[in-house]
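In what follows, structures are represented as C-alpha cells.
In the two complexes below, subunit A is the common chain; its partner is subunit B in one and subunit C in the other.
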Partner chain A sequence: MSKWRNSFVFAFGLAVALLLGWVVFPRVLYSQKHQPLDFLHKTHAEKSGVADCAECHTIREDGTFAGLPAVEKCAGCHSERVGESKAEAILVDSYIKPGHDTPWLAYARQPANVWFSHAIHVKRANLSCTECHSTYGESDRVRVYEVNRISGYSRDIWGHSMSRLRRAPHEGMKMSDCEECHKQRNVEVGCLGCHQ
Partner chain B sequence: MSARYGMVIDVDRCTGCGACMMACAAENNVPALPQATARTGLTPLLVRKVSNGNNGETRREAFIPIMCMHCEHDTPCVKVCPQQAVEVDEATGIVMQMAQRCLGCRYCMTACPYHARYFNWWDPAWPPGMEKSLNPGVAVRMRGVVEKCNLCHARLHSAKEKAAVAGKREIDPADYVPACVEACSTNAIHFGDLGDANDPVSKEAHSPQAFRLLARLGTEPKLYYKSNEAWVRALAEPNSPQASEVQRG
Partner chain C sequence: MWKSVAWDAINEGKAMKVTRRDLLVWGAGAAAGLLATPVPWKVLDDVSIWSQNWPWIPQPTRGPVEVKQSFCTLCPKACGLRVRMANGWAVGVAGSSTHPISRGALCPLAFAAHQLNWHPQRLRNVRHGSSLSTWAEAQSAFAKASKEGPVVVIDGYSGRAASSVLETFAGKQGGSYRVVATPELRAFTPYEQWTGIPAASLGYDFENARTIVSFGAPLLDGWGTPGRLTRLWAESGAGLSDPQLRLIQIDSSLSRTAARAWQWIEIREGSESALASGLAGALLEQNLVPAHSPVPSMTLAESSAQAGLSVERIRELARLVVAKTPALVVARDDDPAIAALNVLLGSLGNRGGIVPHSEGVKPYVAAESAIGNARAVLIDASVPWEFVPQVEAEIFRFAAWDGGATKADWLLPAPGFLEDLTDLPTAPGCSAQTYGVAPALVKATIEVQSAAQFLCSLDASLPTTAKIIDSRCEDLFRRREGNLYGQQIAAIDKVSSVQSFKEQLWKGAVWAGEASLSKAFACHLKEWPAQTRPVSAETWATQWKPVVMPPLASKLYQESGLREPPRRNA
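Coming up: the complex of A and B.
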C-alpha cells in the first residue's frame, strides 16, 4: 500500500514541477508591454505603396542601420491626421506635432554585447528581411511586446516556444540560432566577429 | 580578409602626454573609477615612465605606452583561460578578450608577461550625464571580469560595415585606425598590417631600431617599439639594470 502511495506522491510532485516549469514560469518570466500606438505594416504596404522595408528601415551609407524610423519620416505623410483611427490621433497629436520620437518597443533588439550588422547580412550576404523577421512586415496587427523580467531582453530573442522544439528558422534570435545559420552557410567569425 | 594587425611605437617621439590613454578610455567605455589605485584601476593602455637610472646631466627619461601586445605564438592568456574567453583571431591576429565569457579568475592577468590585463573591481560608473556619451559600439564590462585592449574592435566592425555597403570584401585601411593611434599628437604610434610586406609599419618593424618587450619569451608580440637610444632598447631585456628603474608613469 505504502509503495503505491509513494509512487503517487512522486507522480504528483513531478506533475506540479512540470506545470510550474513549463506553464507558470514562462508566464511569470515575461512582462507585457504595449506599443505606443497600433502601427499596421499591412496598411502601409497596401494603401500607401511602401513596398520595400528599406524605405523606412534604412541602411545608411556608412553601413549603420537606422532601425526604427524617426518621427520625421512619419511626418512626411502624417503631418495632419490622415484617418479617423485612434492610432492616427495618438501619432499626430502626441508625437508628430510636438516633434517627439515615437517610443517604439523593438522586438528584435539584441543585448548590448552583440554586434549585428544589417549591412553585412543584407548587402553582402543578400539575406532577405523575412529570414530573421518572418512576415511581420505584412502583419495587420501589433503584437504585444514581451520583456524578460530578469534579463530585460525581448521575448523574440528566445522565441515564443519555450521548448524551442520544431521552431521555424525565424523563431528565436539566440546566439545558437546565429551559429546554426552561420554553420549552414559556412561563415566563420571569431567571438568578436559578433560581440562587442 | 586576412591580416596581422600590429603597431610600431616610436618611443623617441612619445612625450608622455597621455592623450592615447584618454582616447582609449573614451573609445572603449572605460569608467573613470576615482576610488581606484594604480593597482586596481583600468588602464588598457598605460604610458609608463622609464629612465636610464642616472642622475644629473646624464639622466635620460622616456615614455613607453604599454598595452596588450597581441602575442602570436603560445599566447599566454589564451593558454591559461579556463573559459575560452580569449582567442587569437585567425583573420586579424587580434587577441580577443570576451569579457562576457570571463569568470574573473584572473589567471590571464598572472600569465600576461606585460601586465596588460585589468580586472573590473567595481561596477562601471560614470559621472551623471556622461553615460549618454558612451560609445554604442562597445559593451560596458561588468564588475568581476577582466578586460584589455581589443585593438579598438568597434572600429573594425564599422569599417567592415562600410565595406559591405560599398560592395567590397576588404576593408579600407583608412577606416580602421585605433583610437590611440588617431589621438597621438606626435604621431608616435603607427598601426598597420604586419603580414603585408609592403605596409610601412611592417617595414618599420624590421628596422634595426625596432625591438619588442620580452621578445626572448617567444610569444611573438605584434607590438613593436622603436628607439635610436641604446638604453631604451636595452629595456626590452628584463635583466638589464635599467629595467629595475622602470616606474609607473
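Coming up: the complex of A and C.
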C-alpha cells in the first residue's frame, strides 16, 4: 500500500506544480496596464479612410521609423472633439490642447540592445505589417498592455503562449523568432546586424 | 484504479499522519512537475533581461536621431566615421564610405568606440600617486616642475594641432618634444636617415604597385589604415592565380595575411633581415637590379642557412619579386636591411613605391632615445599605455582610460572618444596627404582636459588647438590643390570660400591631396646596412595594445524609441 501511497503523493506534488506553473505563474508574472485612452484602429480605417498603416506609423526620409504618431498627427482631425466618447474627451482635453504626446504603451518595443530597422523590413523585404503585428490594425478595441514584472518588457515580446509552442506566425518577438523568420527566407544576418 | 488507490490513501491517511517521507515524495513530484512548466526557463530568461537593465547601466535619453560624419581619433589611422547621435549622445558608429583612404572599413575597436567613454576603466579623477587630487593641484605641481628644470613632452600622435601646442611648449620651456611612433611610421626611419626626408612625410603607393613583398607586416590584418589594403587586395588580387597585384608574405607562421596572400614564404623566426640580405645578393647575382648597388656582406649560403630556405628558393624569390613591377617591399619595423631592398629595386620616389606626400614635416625624435636630465615628463593621452619613459623625473600622464599599474606620479583624465576637438593629419603609410577635423561631438560627463588644454591654461601665450586648426585650414585652402571628400567629391577649386572649406571640414569632409609621384628623390647606399638583431616573433596583437574593449559591443538605444519622450502634465 505504501507504494501506491507514494505514487499518489508524488502525483499530487506533480499536479500542484503543473497547476502553479501553467495557470498561476503567468497570472502572477504579468501585471496589466491600460492605455491612456481607447483607440480604435477599425474606426479610423473605416471612418477616416486611413487604409495604410504607414499613414500614421511613418518611416522617415532617412529610413528611421517614427513609431507611434505624434500628437500633432492626431490634432489634424481632433483639434476639437469630434464625438462624445470618453476617449475623445481625454484625447482632446489632456493631450491635444495642451500639446502633450499621448503616453501610449508600446506593445512591440524591443530591448535596448537591439537595432531593428522597420525601413529594411518593410521597404526592402516587402513584409506586411501584419506579419509581425497581426491584424491589430483592424481591431475594434484597445488591448490591455501586459508587462513582465521581472524584465519590464511587454508580453508581446515573449508571446501570449507561455510554452511558445504552436504559436501563431506573428506571435513573439524574441531573437529566436527573428532567426526563424530569417532562416525561412534564407536571409543571413550576423550578430552585428541587430546588435550593432 | 487511481480512484481506488486515492480512496485507500485517503482512508489510510485517517489513520496515519503526513510523514517526512510524504513531504519528500511530494517535493520530488513538485520538482518534476515544475520542470515541465515554463517557470524555470521563463524566470531564467526574464532575470537575464532584468540584469541588463540595472539602473547604473547608462541608457541614452530619447531624442532626435542624426548622423554626423567624423573620424576615429583612437589611433593615427584616422578612419572616416558615421556617428549616430541621439539627443547629443553617440549611440552608434559605422565606417564612412566617402573617406578616400579607409573607404568605409573600421577596426573592431572603432565599431564600439562610442561605448568606450562609459568603460569601467575610464579615468574619472585626477590622481596623485595613490590618492585623489584636483586639477588645480596638478597645474600647480606642473608649473613648479617646469620652473625648476626642463620638461620632456611625449606625444603618440604627431602632426596634430595639439602636437604643435605640445612642441611649442617644450621649445619655449627649453625641454624637448618626443614621439612614440607607430610601427608603420617607424618602418620609414631608415629612409629618413638615408635621404633626409622625414619619415612622417613618406608613404606607400600600394595602388600603383604590382608586387608587394611584406616582411612580416600584417598588411591584411590591421596594418595601416584598415580597409585600404584589404579593399585593394579584394579588388585586384585575392583568389586569383595570376593577379594584377601580387602580394608575397614572408612570415615565420601562417598569419592571417600569409593565409590570404598570393604566396606565403615560410622562413625561420627572426630571419627577415638575413633573408633581405640574401634576396639582395640574389637580385645582384642574377643582374635583376642595377649593378652599382651595394653588395651585402652576407653570402647567399649564409642567408639560406639562417632563413631556412634553399639558395635556389631565394634566387627564385628574387626573380618573382621583379617579374611584375613596380615592386615594393614593406617591413614590419625599422629593419634597415629590408628597407635597403627598396633602394635596390628603385622603389624610392617612384610610382608604385615609397613616395613623399607632404612638405614641411619635421623629423621626429623617438621617445625611446635617451631623455637626459628632465625635471618632469608630460605624456599625452595618445601615447600607448605600455610606454614608460626611462628617466627619473616627475611624470604627468594624461589618459582617458586607466590601463593598470604604471609609473606615473600624476594621472590626469583626458577627453575620451569624440569628446575633444582635434585635427587628423595624414595617416602613417598613406601615399597622399590628407587632412580632417573631428569636432567634439560628445560632451564629456566628467571634468577632463587634454594635454594641450592643460598647457594652454598654464601659458596663455600658447596658440590653442582651435586656432591652429583654423590656420591650417586656411593654408590648405590657399594651396588650391586636391579634393574635398564629403557627401560628394569636389575639387578644392570648386569650393567658394575659405569659410565654406572650413565648414565642410568641420562637418566631417576630408581633404586629400594628390600623391606626389613625380618627386623622385635620390638615395644611394654606399654600403649594405649591417644586420640588425634578430627580430622576435612578436605578433601584431602584442605590438598593438589598445585600450580595453567593453564586452558588449552593442548599441544602447532603440530606433523607434528615440523620439522626444511624452511630456507629462504638470
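Keep in mind that, in the parts below, the second predicted complex is superposed on the first by the 195 of 196 C-alpha atoms of A that agree within 3 Å, B and C clash if a C-alpha of one lies under 4 Å from a C-alpha of the other, contacts with A are read in each partner's own complex, and residues count from 1 in each chain.
We adopt the following convention: a residue touches a chain if its C-beta (ideal position, glycine included) is under 8 Å from a C-beta of that chain, and two chains touch if they have at least 3 such contacts.
All values reported here derive from a predicted model rather than from experimental measurement.
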Superposition on subunit A - do subunit B and subunit C clash or fit: clash
Which superposed partner A:I120 touches (first subunit B, second subunit C, both, neither): first
Touched partner set for A:G83, first subunit B, second subunit C, both or neither: neither
Touched partner set for A:H195, first subunit B, second subunit C, both or neither: both
Partner chain in contact with A:L18 - subunit B first, subunit C second, else both or neither: second
Which superposed partner A:S163 touches (first subunit B, second subunit C, both, neither): second
Of subunit C and subunit B, partner touching more subunit A residues: C
Which of subunit B and subunit C A:T64 touches, first, second, both or neither: both
Where subunit A meets both subunit C and subunit B, residue numbers: 62, 64, 112-113, 115, 117, 192, 195-196
Touching residues on subunit B, where the partner in the complex is subunit A: 87, 89-91, 94, 96, 98, 100-101, 137-140, 150, 153-154, 157-158, 160-165, 167, 169
Footprint of subunit B on subunit A - complex, ascending: 59, 61-64, 112-113, 115, 117, 119-120, 123-124, 189-193, 195-196
Contacting residues of subunit C [partner subunit A, same complex]: 5-6, 8-9, 12, 21-22, 25-34, 36-39, 42-43, 45-47, 49-50, 52-53, 59, 65, 67, 92, 94, 111, 552-569
List of subunit A residues in touch with subunit C within their complex: 1, 4-18, 20-22, 25-26, 29, 62, 64-67, 70, 94, 98-104, 106, 109-118, 148, 150-153, 158, 162-163, 192, 195-196
